[in-house]
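Okay, so subunit A shows up in both of these, paired with subunit B first and subunit C after.
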Partner chain A sequence: MPRHRLLRTLTPYLYIAPAFAVTATFGLVSMGISLWASFQHYDTYAGASGFVGLDNYRRALTGDDSYFWLAMRHTVVYVLLSVAGVLATALPLAMLCRRARYQSLFRTLYFLPSITPGVVLALVFYHIFGIWGQLLDSAWTALPALALLGVWAAAGYNMVIFLAGLTDIPRFLYDAAEVDGAGRWQQFRHVTVPMLRNTLVFVTVMTIIGSFQVFTSVYIMTSGGPERSTEVIAYTIFLNAFGVAGQMGYASALAWLLFAAIFVFVVIQMRVFRSRRVYDE
Partner chain B sequence: MMSRGRLASRLALALMVLGAVVMVYPYAYMVGSSIKSRREFAEDKAGIVPPRYQLGERLRHWRGEASALDWPGADWSAGRNYADAVRFGDIDRYLANSFIYATIITAVQLCLNVLAAYAFARMRFCGRELLFMLLLATMMIPPAVLLIPNFLVIRSLGLVDTVWGVILPGFAGAFGIFLLRQAFLNIPEDLEAAARIDGCGSLGILWHVILPLSKPALVTLGLFVFMGAWNMFEWPLVVLSNQDFYPLTVGLSLFRSQTGADWPRVFAASVMGALPLIAAFLLAQRYLVGGISLSGMK
Partner chain C sequence: MRARSWTSPALAAALALLVLAVVLRAGMTRALIARVTADGPPRPVQLRVWDWWSSSTNEEYGGYFAELEATFERRNPDVDVVYQTVPFSNYVQKLSAAMVGPTPPDVFQSSIIWAESSYRRGMLRPLNDLLAADAHLPASQRVDEAAFLPPAWRHNQTVDGTVFGIPQIIDAQCLVWNLDILEEAAATDPEIRAMFSRLEDGTVDYEHIRFDAVRDWNHFRQLIGKLAVRGPDGQLERAGYVIHAHGSGADIFSPWLASNGGHYQDLAGTRALFGGRRGAETMHFLARLYWTDRVCPPFRRQLFDRELFQQGKVACVTAGTWSGKDIVRDTMGWTHFGKTAFPPGPSGSGQRSLTWGNMLVVTTRCRQVDAAWKYVRFTCSLEGNLLRSRHLGYNGPRRDFYDTEQWQRALTERPYLSNVKQICLVGEKFRHIEMEAANHQANPVFESLLLHYPDVVDGTGAYPSVEAALAGAAANVDNVYRRYNEQAASWEAARDRATAASGAVGDQASAGDPARASDPGPAER
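And then the complex of A and B:
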């Protein structure tokens, strides 16, 4: 029966259509619009008022009034602090957690920040950093303080991911290393780290992508201050698009530059990990 | 003497407890500050236990010396700030809004994702690989980059400052489809063949065979989506201007700027905003732990 057959051919598309329509509209179509807007002079209220070519990008990269490089510098510092902080806390915590009793209790407690709204965390740490000697009032300490909050909040989540990675390392590798006379540190260096390579890549990439977009804590705790010392790129984009400036075309160009920066960082990071790929298989 | 192994595990436990204190301290601080009176918060910003409950202050009061119990607001009840946050800050409305948004987004996203994931996992059709690649491509785009264009899309649909504008982009997600597809692929196809012989259509198979067998993946994804929806901040901040529609996150930020110095109230509101998710997490945790590792192991 041809009608029946037609229905059968169409079924998969009917299943996919609703989800695909949403993700395509707010993913693919959006990207197209963003690219288009970045080549326009686009006022938030008046709309697009003409093609300006690469002017928005030029303005962001070389303009006298541009805060792009300042914001990018702050963002990169924040990202580097976050990646270093997360790796320095999550992996050791995971290794400790495996040895300690009450593992599931610790897992739950360390996971709490991941299930707390960022706004709540920002409001609480606004005071905690105040108690610790006005960390948010000085241009030198405000950005590291924000990164500290980011690391504190992300440590538990990444610890759980590292725990899963550690569980997958076969026991016999450690036994073999011990037979060969490897000490604790050497076992860590030559068994744990190489075997965790995929998890390390995953955690680093996710931390890079996430921390490049930091916004909530900046918005709630510092509004980019003091003296613009915590103005990060996501905040600059927000201000330009939805703040007083209302320059969506310019902000879209900034967003694409942010995308490019994330891309470059992820690629560099992949290179770093690949070059160390000595022990694989 | 303790053996080396036991000593190591004791040491690990001690360090983990130390870490747990660091993790829990901000929460203790938040709860403690949320029951302080205004005066108590002004006098003792750093403390966790409000002065009027501190043993030393009680003792001094009992001895007839000047103490925190002589300050105005010494009869401040523990629930007072919570009641005030609801009364003056509309926190109850924001909570209800957040709950509605997160519930709708989770329900719709699970339905749409399940349908799409099932088609990608089990059906053969023209363009399957291409469509799946396109879907995965949307996962690579950072949300900060999508903020402006999504706003423009919502505006062209006339949905700015509406509930729909807030929830519509959350109705499906590539990550969820990917996760569910992986879960469905792990289910043996023989089971479906048996159901098909019994006269089940593909929706019937999905409902009676696939879904019951992928509960952990569904709970995990459901919780992740719910958490994401509950915690979203920048998107509703941009889309909404009518305070009646604010979710908790944006409402909290507004309440903080409205109340000025009355921080204990803001802390009370924060506690109310943090509790529902923690409760949901504890309930669903049994299923979740495997699920987190699932999302971590690509």
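And then the complex of A and C:
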């Protein structure tokens, strides 16, 4: 192969090499180690003390004192509340913001929660929920309250993404719909939503992944209570990994089960969306 | 001529190199600055000491560590003590990482929460040989068992007597009473008046509450009922006692269980013991205070016992013996409160408490054991206890501390300390095995029982009975202990194998090279 062609072929790989090295070192290698640890009794200091096969997975799925299914159920409820909440707030906010006079001001204001540390948000909302009628005191309201915080924190970021998607929709489609007699709602349903489909997929997938990993608010605000009503899977993983001596292997197994759950959710969702017509390509 | 762009690749590369050089030099630069700003000649021995007491966030800790360091370094001119503050909340994670990294701590303060498991994981050096070598020292400098109050010398050793830490504090759970409220009630109620000590002339000493002011649980219920105040509508205007249900079940349950003759766990850490009759009696007692007697404020996650107490909204709370100083600080100098132990329950005998003593430990990766031990010994000596008391206002775990003039003066200046030593002395051993994991299993059950006690008693709750709920929680905690002990046994076996292997290698090596035989090498870890 001529030298210049070889260089041309290699150049893109050289560009992505640094990012790939970081991802491989801190992502893939770590994942590989955690997969290996999930088949061991493993302690962060003492190290591995024996191959246990699928015991950690068996214990998580069928153990008498396992809270995996309970935590998974709470996590799924949280995910559903969050996805519904984010879609119900971020898109309307984006549409309102697009029409607003000081768009950049509103964009900045709504985006602020996204750049505020989760710990700070959790502490602030801990007190707000306390003042507003003890939402965190009841097993019925604690999880929805945490989801409310999650939606509030994520709405601004997703609004910006929707805003970008809305900007890409050609004006003439609305004009044509208007000429055809479509009202606001019909324009939204037959023009906006189909044209935002890719954005919707992105926002939904990212919200699902983020919500499955909810941790900070639970850790700070409820510690999984009251009565385990907010015990989510990431919290259970953290507790076993760092709060219990020698349970890193079990925690790794839980983490891989979480990975499998997210994977299944995302694949299902991608298939559902793929079955529709693509408008914006 | 075209101006050079700030975004030119050469300039960017030069800046990147500069940043890289600064990063690479950082450690050396720090060392250089330390050398330049050092008071005297460089010290050959550097001792890394970890603590969660933060000099940067608490002026008192700053003063304490400054004097401790200055005094110790003056007497040990070859040692440079370097403190590192690590937040309590992620102490264990950071410790685990540091212990396998290049800069492990030599000495650290260990909470009883992690001490035992840190030892069994192989992080802590046994101290028995160092203690034995100190037998010739004056009593005030020794840090052996005889020097400490018995309740302080518990969490720092295994059941077979291996000592892995030296207590530097002692704390105990107790009942803290608002003496303003008690004094007001005592004006008309002889039973409340009898809670106070008497002066030599026989008059009531309203500054001091008697250590045994409360006879038993029934007496406690009566007293708390009298101290609670209701408005015309029957609503509680001032509570008698606070029970915090959300997330902290074992904290309120355990000391009352101790006063009922029970224990959360066995000493060896193999079984949970709260699931029996004594545990059930304790839970019924606490739940009835709330649900039947209605002398407690409503269960609220955001309400903190001590805040309510400091605001005068409750007559009595559960707190640590150390809390006095914080109450004085938070109330801008109010000192009219007193402390007692927990009165005995129907299956208990005598006043009881729960006691613990956080400790200084020497790590297995300590490079300078001699310097580390000198530091531990100084910090935990009588002088170290007095120094800590002077800066931080805390009582010490040593016996001789309570005979000092400084402590007697503290008792005069701060009457709320009067029962502290007695409370510590009647303390049972605070639970100490895998506390987070045990809490994860048991606390939600305590929480449920307290929050829904009437439903459980009626048979319509999440559990068939209080007894069944506690037995189930105890069984799950048993699983925690079993797993932990299995793990710990495997770590110990692995270490034994490693030691045996390194011993065999050492034997071979020393046969050829006598100098290597005395070098402990990596196996020392």
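Here is the rule we use: the second predicted complex is superposed on the first by the 249 of 281 C-alpha atoms of A that agree within 3 Å, B and C clash if a C-alpha of one lies under 4 Å from a C-alpha of the other, contacts with A are read in each partner's own complex, and residues count from 1 in each chain.
The working rule: a contact is a pair of C-beta atoms (placed from the backbone, for glycine too) under 8 Å apart; a residue touches a chain by one contact, two chains touch by 3 or more.
Remember, it's a predicted structure, so these values are computed and weren't measured experimentally.
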{"item": "First, second, both or neither for A:Gly130, with subunit B first and subunit C second", "value": "both"}
{"item": "Partner chain(s) touched by A:Ala90 [first = subunit B, second = subunit C, both, neither]", "value": "neither"}
{"item": "Which superposed partner A:Leu239 touches (first subunit B, second subunit C, both, neither)", "value": "second"}
{"item": "Touching partner for A:Val52 - first (subunit B), second (subunit C), both, neither", "value": "neither"}
{"item": "Comparing the two partners subunit B and subunit C, which touches a greater set of residues in subunit A", "value": "B"}
{"item": "Contacts of A:Thr9 with subunit B and subunit C, given as first, second, both or neither", "value": "first"}
{"item": "Doubly contacted subunit A residues - partners subunit C and subunit B", "value": "127, 130, 242"}
{"item": "Of all residues in subunit C, those that touch subunit A in their complex", "value": "90, 92-93, 96-97, 99-100, 117, 120-123, 245-247, 299-302, 434, 436-437, 440-441, 443-444, 447-448, 451, 462, 476, 479-480, 483-484, 487-488, 490-491, 494"}
{"item": "For the subunit A and subunit B complex, residues of the former touching the latter", "value": "9, 11-13, 15-16, 18-34, 37, 93, 96-97, 99-102, 104, 106-121, 123-125, 127-128, 130-131, 152, 156-157, 160-161, 163-165, 167-168, 198-199, 202, 209, 212-213, 215-216, 219-220, 233-234, 237-238, 241-242, 248, 251-252, 255-256, 258-259, 262"}
{"item": "Touching residues (chain side subunit A, partner subunit C) in the complex", "value": "41, 43-47, 49-50, 64-65, 126-127, 130, 134, 136-137, 222-228, 239-240, 242-247"}
{"item": "Interface residues, subunit B side, partner subunit A - complex", "value": "8-9, 12-13, 15-16, 19-20, 22-24, 26-27, 29-30, 33, 45-46, 112-113, 115-116, 118-120, 123-125, 128, 131, 134-135, 137-138, 141-153, 168-169, 171-174, 177, 202, 227, 230-231, 233-234, 238, 248-250, 252-253, 256, 263, 266-267, 270, 273-274, 277-278, 280-282, 285, 289, 292-293, 296-298"}
